[in-house]
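Questions regarding the structure given below will be posed in turn.
Read from first to last, the chains carry the letters A, B, C, D, E, F, G and H; within each, the first residue is number 1.
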Amino acid sequence: MIFENYDRIVFAGDSVTSMGSNQPVGEGLRDNVGFGFVRVIENLLSAFYPEVILRITNCGVSGDTTVQLLDRYDHHVVDLKPDWVAICIGINEVWRQFDSPAMQELHVSPEQYRANVEEMIRRVKDTVKGILILSPYMMEPNREDPMRKRMDEYVEVSRQIAEKHGCIFVDFQKMYDEYCQIRHNCYIAWDRIHPNQVGATLMACEVLKHCGFDFGRLAGTGSL
Amino acid sequence: MIFENYDRIVFAGDSVTSMGSNQPVGEGLRDNVGFGFVRVIENLLSAFYPEVILRITNCGVSGDTTVQLLDRYDHHVVDLKPDWVAICIGINEVWRQFDSPAMQELHVSPEQYRANVEEMIRRVKDTVKGILILSPYMMEPNREDPMRKRMDEYVEVSRQIAEKHGCIFVDFQKMYDEYCQIRHNCYIAWDRIHPNQVGATLMACEVLKHCGFDFGRLAGTGSL
Amino acid sequence: MIFENYDRIVFAGDSVTSMGSNQPVGEGLRDNVGFGFVRVIENLLSAFYPEVILRITNCGVSGDTTVQLLDRYDHHVVDLKPDWVAICIGINEVWRQFDSPAMQELHVSPEQYRANVEEMIRRVKDTVKGILILSPYMMEPNREDPMRKRMDEYVEVSRQIAEKHGCIFVDFQKMYDEYCQIRHNCYIAWDRIHPNQVGATLMACEVLKHCGFDFGRLAGTGSL
Amino acid sequence: MIFENYDRIVFAGDSVTSMGSNQPVGEGLRDNVGFGFVRVIENLLSAFYPEVILRITNCGVSGDTTVQLLDRYDHHVVDLKPDWVAICIGINEVWRQFDSPAMQELHVSPEQYRANVEEMIRRVKDTVKGILILSPYMMEPNREDPMRKRMDEYVEVSRQIAEKHGCIFVDFQKMYDEYCQIRHNCYIAWDRIHPNQVGATLMACEVLKHCGFDFGRLAGTGSL
Amino acid sequence: MIFENYDRIVFAGDSVTSMGSNQPVGEGLRDNVGFGFVRVIENLLSAFYPEVILRITNCGVSGDTTVQLLDRYDHHVVDLKPDWVAICIGINEVWRQFDSPAMQELHVSPEQYRANVEEMIRRVKDTVKGILILSPYMMEPNREDPMRKRMDEYVEVSRQIAEKHGCIFVDFQKMYDEYCQIRHNCYIAWDRIHPNQVGATLMACEVLKHCGFDFGRLAGTGSL
Amino acid sequence: MIFENYDRIVFAGDSVTSMGSNQPVGEGLRDNVGFGFVRVIENLLSAFYPEVILRITNCGVSGDTTVQLLDRYDHHVVDLKPDWVAICIGINEVWRQFDSPAMQELHVSPEQYRANVEEMIRRVKDTVKGILILSPYMMEPNREDPMRKRMDEYVEVSRQIAEKHGCIFVDFQKMYDEYCQIRHNCYIAWDRIHPNQVGATLMACEVLKHCGFDFGRLAGTGSL
Amino acid sequence: MIFENYDRIVFAGDSVTSMGSNQPVGEGLRDNVGFGFVRVIENLLSAFYPEVILRITNCGVSGDTTVQLLDRYDHHVVDLKPDWVAICIGINEVWRQFDSPAMQELHVSPEQYRANVEEMIRRVKDTVKGILILSPYMMEPNREDPMRKRMDEYVEVSRQIAEKHGCIFVDFQKMYDEYCQIRHNCYIAWDRIHPNQVGATLMACEVLKHCGFDFGRLAGTGSL
Amino acid sequence: MIFENYDRIVFAGDSVTSMGSNQPVGEGLRDNVGFGFVRVIENLLSAFYPEVILRITNCGVSGDTTVQLLDRYDHHVVDLKPDWVAICIGINEVWRQFDSPAMQELHVSPEQYRANVEEMIRRVKDTVKGILILSPYMMEPNREDPMRKRMDEYVEVSRQIAEKHGCIFVDFQKMYDEYCQIRHNCYIAWDRIHPNQVGATLMACEVLKHCGFDFGRLAGTGSL
């Protein structure tokens, strides 16, 4: 597994990352780390790699776009001296274009989005062991839906950034597309964005698959 | 996997089973199924076996011993016509002997415990596909601790019952003993009984290991 | 306008009808009538037909399918001696098939749905001045979406019933289809079902269009 | 209609404008815009002019007279760069003279009122497309009532100001006088000031009548 | 003073009587007797006639008309074996005609009102020392107001009943008419019905004036 | 009566003055003026002198001794430009000596008390029409009780100060002594300090007796 | 000590006994036993006699006189099969005579009090190991105070009953009299009845002194 | 006894000291001093040494290690000018090493612990009458438990510090070890750290034993 003893892994993002975490920074005892995919990741790592001590920090803040995240990035991410940074952002840039069309200051273009995420990478790349780019997504199987279509542009940008900077790329959109071929999206979210615990479990495993996590440990076989 | 499409699986037990579920019967939308190992089981099944529709019902009630559970068993378990029944009971029979020594009507002896659990098995064995006996436990590595020592008697009884009746036996005590060799029990519970989310994850995977669950699916290597 | 002085109009339905009304029967002072389309209808009638005294009663109950509504129908609708009955039901029959696939007792087939609605009509048709059938709907423009597709079956059933029994038919599905060609559905609902105030306004006007309501009165050009 | 794509319309006023809005500035998602006539205006514009994106901002604050509104005017109105400003103020200047006779610093004379409102107009008139002056009112049909009599002076001042500065004038007092000839004022307000939803609907339509709103759209005829 | 040691005085009525009292019967320690005129009466009697022990019981229930009051009268008034009964009822019979015109079952005609109040008198007149009829009222100085006009009919009925049955008659309407010639009604009530503490004080003294209460005791002179 | 149109009367004191008032300064609409004797004074003045507009301001703060009151006196009393000041202070100076004997910084000696009250008088005497000194008190009839004995020293100091500076002196201690000869103190207070509404009524009338208030007005015999 | 292993000790009484206990019967985990002297007794027994398992049950109910206690006595005391019963009652019989003089049905005479307590003794004396009569009291050192004087009658009755029936008698009145010679009663109670934690500690030790409790154990010396 | 009239005793510590006290400094009326052993100490001193006035101040703050306590020490301890200081700290230094292994900044080594406590002693030793060092502890009888083992190191350090500086040393660990030989630790704490009221009683007596407290006073014998 890529994470080593005493590594600190900081998850930066919006409400999908936060899901009830102590905002703007949540970690440690009680429910500070929230109820979303970050917590499931921590659960799986702590349950099945007890010999590796890891510090999981949730820096998700509800409603954030890259604009707000970048504003607080030095204070809430860089200053924490993370060993790993995972960034899951972009959903609100798209969503606000459709649910709040009149509030144009909340609409972040793909170009701004690209610039902002790259700036986030730049600020930590020399001091971390690795960066994970977790794609934005919409649990909408219809690719002609205008919001899904727009989201695809941002997913593509995030993929390109990950590639350009050698980050680990986790494609949540693809994962949800596959899942929603079998179960309807309303089974895992009311609004096609905020996952319930099933969705959080899917996302956590998707992330861990890219981190060399040995799922055989869950089966007690040590390896599959 | 042993569970088939449209199977109903009923989890009967105490607060460790309930963990915030809608008491006495919780299932379906929202947080009705609680926050404990039952929910993690449902999360993993729903996330990685989307093609199998399963009904998970949480019938845990805080504070129950076999005496109370048996009292409500027909109404809360049998009447639900389960395909599978999982019973996790016995902790309170022991705990009350130590935290409430004067309240003797709450102390259930190993003999009564054995008789009660066997009665529960009898009432459903002809109508279900299978029964899981989940052992009671105490997250106390010191086997000389009087409460742990006493708990071991009940764990042993539960193992014997499972064997006698051909039930699937899940040994939570053994699982916790192994985990606590690496991490201190205070990492997963305040009181050595009620697990946090890490403990719930351990317990869920331990149960699923005995159910033919293909953990390879989490790694993306399993087959659908 | 079709409503006359002292007419009582009873709206029967589910959460879309209720929207915060006093359940199971809400009317009169304060917010008893809820915050949904029923209230907007009452607002428009009271504001622009002050000379006509009308009694608007909201009998919507969250989560109802035709099964539950029929169960309580005599008590909550027939006994109120309505002059007009408006029925908006069918959404939950479809929704539960997708968000709760394991809970089969909540899945109402189109045939049951048809039978139930026709029974509701039969029980009041001889004593009321008229019946409005308000179609179920999903604010999902993609007709290939499985839930939308399924919903279309129920919409069609409701249309056939209305025709067969000479009821006024209000096609909410068609109305939302047209609106969502211009604005994305996330502008009017989080979950493609429960409308915000904009949606409630659209629905109220759609109903009133079929009731001979003179919208010229709003412009000050109507006659009193 | 006078409002064009992406226009921002700011409603400045007191509790009648606010009616539960997020104070001092409320707009966008959830109930930020409150439950009063401003919301009904937004509902009607969004429902029937979906092709025109408008930003409705509620700057009403409970208890405000022109003194407090002017104090915060630069920050809460001018700085928002509105395209249209609607001002509904004056009720508290009169009310406090009668319900708090000893608190003279809260009593604003017609002269001060005139000067304050004119100052508000001056500060935006060169940068907005238009200004709406919404008259204060009391739902008191008896013109000899001392408070109504006093209110009439302020209504008259507001009318004169609108005329002098070429503003759109909306006469809420006249509208309520007509309505109250048919229904008693207690049907739409407990205190003859704060309208319920019926009153809010009346006020919203009264405003929109002066904005070229095509109410024929509600009837689906496009024009009456 | 007409009240003697150990007399029990029961006040029956609606929300004006109750004003926060423990419904349906409030008396004794804490705020059980409410915050309205009944409490001010108890305060004045207890403060200035400490040598006379009196039991004041508040049987006011919000929203009551004579129909509801009569329904509960045996249980909440007669069974208490009062020495004196004071009845203040009639406001809701009129109010509902104007704020809820469609809910006709709530409209009590003057004839029914008369019959109901007389029935209340009949049920206690042989067992009590005296009966006080406290008139309904509306703090509306304009006698042409339709609700005030209608209220005057009920005030008149209550006066006639008092005279016919030899009850003490307290004319709250007249008292408020006089007060409102000096202060505007909005000084003592938001809705022209529910008095604030000033109004409660006026009403209490008006009642006590008819009970031989020696106000000179307040001045320390014993008599005026 | 000594109070004239538009006079402002400021009541400075501790919890007995405040009794739930908006701290540190409460006046005007709603319950800002609290529920104690200050409110009863305002009720009686407003009810029976409607032609005289008076501003009653409650500056009582729970727990205050003269030390705290003097600290905030300029801001909460002098700056309000009162026409009359009423000071009721001294209870906590004594009480803390008995219920908190170890917290010596809360014990104010009679000398400090005298100096503090005189300083309060000096700061306003040239700008007000008059000053009322309301004595501290303990509803303890046993003059040998150590706390009552100690209180008597402060009552005496307050009387001397009032005399020396020509203030109106209201002797609450004497008033309660007389009342408690008839009713037990537990009838008007739980703790022999904080009066219930009966006590507040007694205190209000005691104050008004020294202000030329015509109690004949309550009986309808006074003249306007 | 008089209490033996597995003895059940039931405390019956009013709010002084209950002090926040789970009413009507509180015992076992959490704060069920309340915060009063019963809890301090349980604390001392559990802390210093860990080898003796005792069941302490709090059956105090706020406001009870002997009338209410007797009513519920079979159900809340006798049915629990106590080994010891401690009865502390009588305060409310006296208090209500002074704080609620008009509510005569709440006033229990010394004769009734005697009969009621004797009845309580009769119902358990043959089945218990012993009965403790805990005297009522008032923390009022002035024996001429009318309520104290009246309380003394009931204290005397309780003493006589204890003697007559061979019960252990605990004289709380005497204990408080001695304590209040040094500290003022306001140090241990606001209302001279409900003790704070200091008072609860005094009462608990006073009871235990009569039970052969070895206080030397607290000092670690084992015996005095 | 070592405490003299008007001595101030300050208890500095963590949640075990605070137990619900007003943080960071709690003393005086109401529950400011919390519900833990500090309160029981105050109860016993106040109850049985009423002639000695003592000021007990609780400066415990939940979660504190010596690092946080030292940070706030000047402000919360030294500035209060205590006559006696009692320090109970060290539990969190150990606990965080086991329940939060990744949060290394919370782990305080025995050396740092020693240095910090000695610094606390140095800052007050010249101005106080005496210092009490109350040992940290874990209610875990198994000395091989890793957390208990680690705790023993800190207990030993605290003992050495006490000896070196001539402080009174109270060994809570030893006291609990003895108690837990008889009763299981789950009888007095859920988490082996936070005592219930029984534990608080044990701790309070253990402290007082070292302060010359005469427990004979509880027995009424005055001396042992």
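As a working rule, contacts are C-beta pairs under 8 Å (C-beta built on N, C-alpha and C of every residue); 3 or more make two chains touch, one makes a residue touch a chain.
A quick note: this is a predicted structure, and the numbers were derived from the prediction, not measured.
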Chains contacting each of subunit E and subunit H, listed by label | F, G
Looking at D-E and A-D, which one has the bigger number of contacting C-beta pairs?
-> D-E
Whole-Å gap between the CA centroids of subunit B and subunit F | 66
Interchain centroid distance [CA atoms averaged], subunit B/subunit D, Å = 62
How far is the middle of subunit G from the middle of subunit H, if each middle is the mean of its Cα atoms, in Å?
-> 33
Return the residues of subunit D touching two or more other chains; collapse runs of consecutive numbers into ranges.
-> 99, 101, 183, 187
By the touch definition up top, name every chain pair that qualifies.
-> A-B, A-C, A-D, A-H, B-C, B-G, B-H, C-D, C-E, D-E, D-F, E-F, E-G, F-G, F-H, G-H
Mind listing the subunit F positions that touch subunit E in their complex?
-> 39-40, 42-44, 46-48, 50-51, 179, 182-183, 187, 197-202, 205, 208-209, 213, 215-216, 218-221
Inside the complex, what are the residues of subunit D that reach subunit F?
-> 99-104
Any idea which subunit A residues touch subunit C in the complex?
-> 95, 98-99, 101, 141-142, 144-147, 183-184, 186-187, 190-191
Sites on subunit A touched by subunit H in the complex = 6, 8, 27-29, 53-56
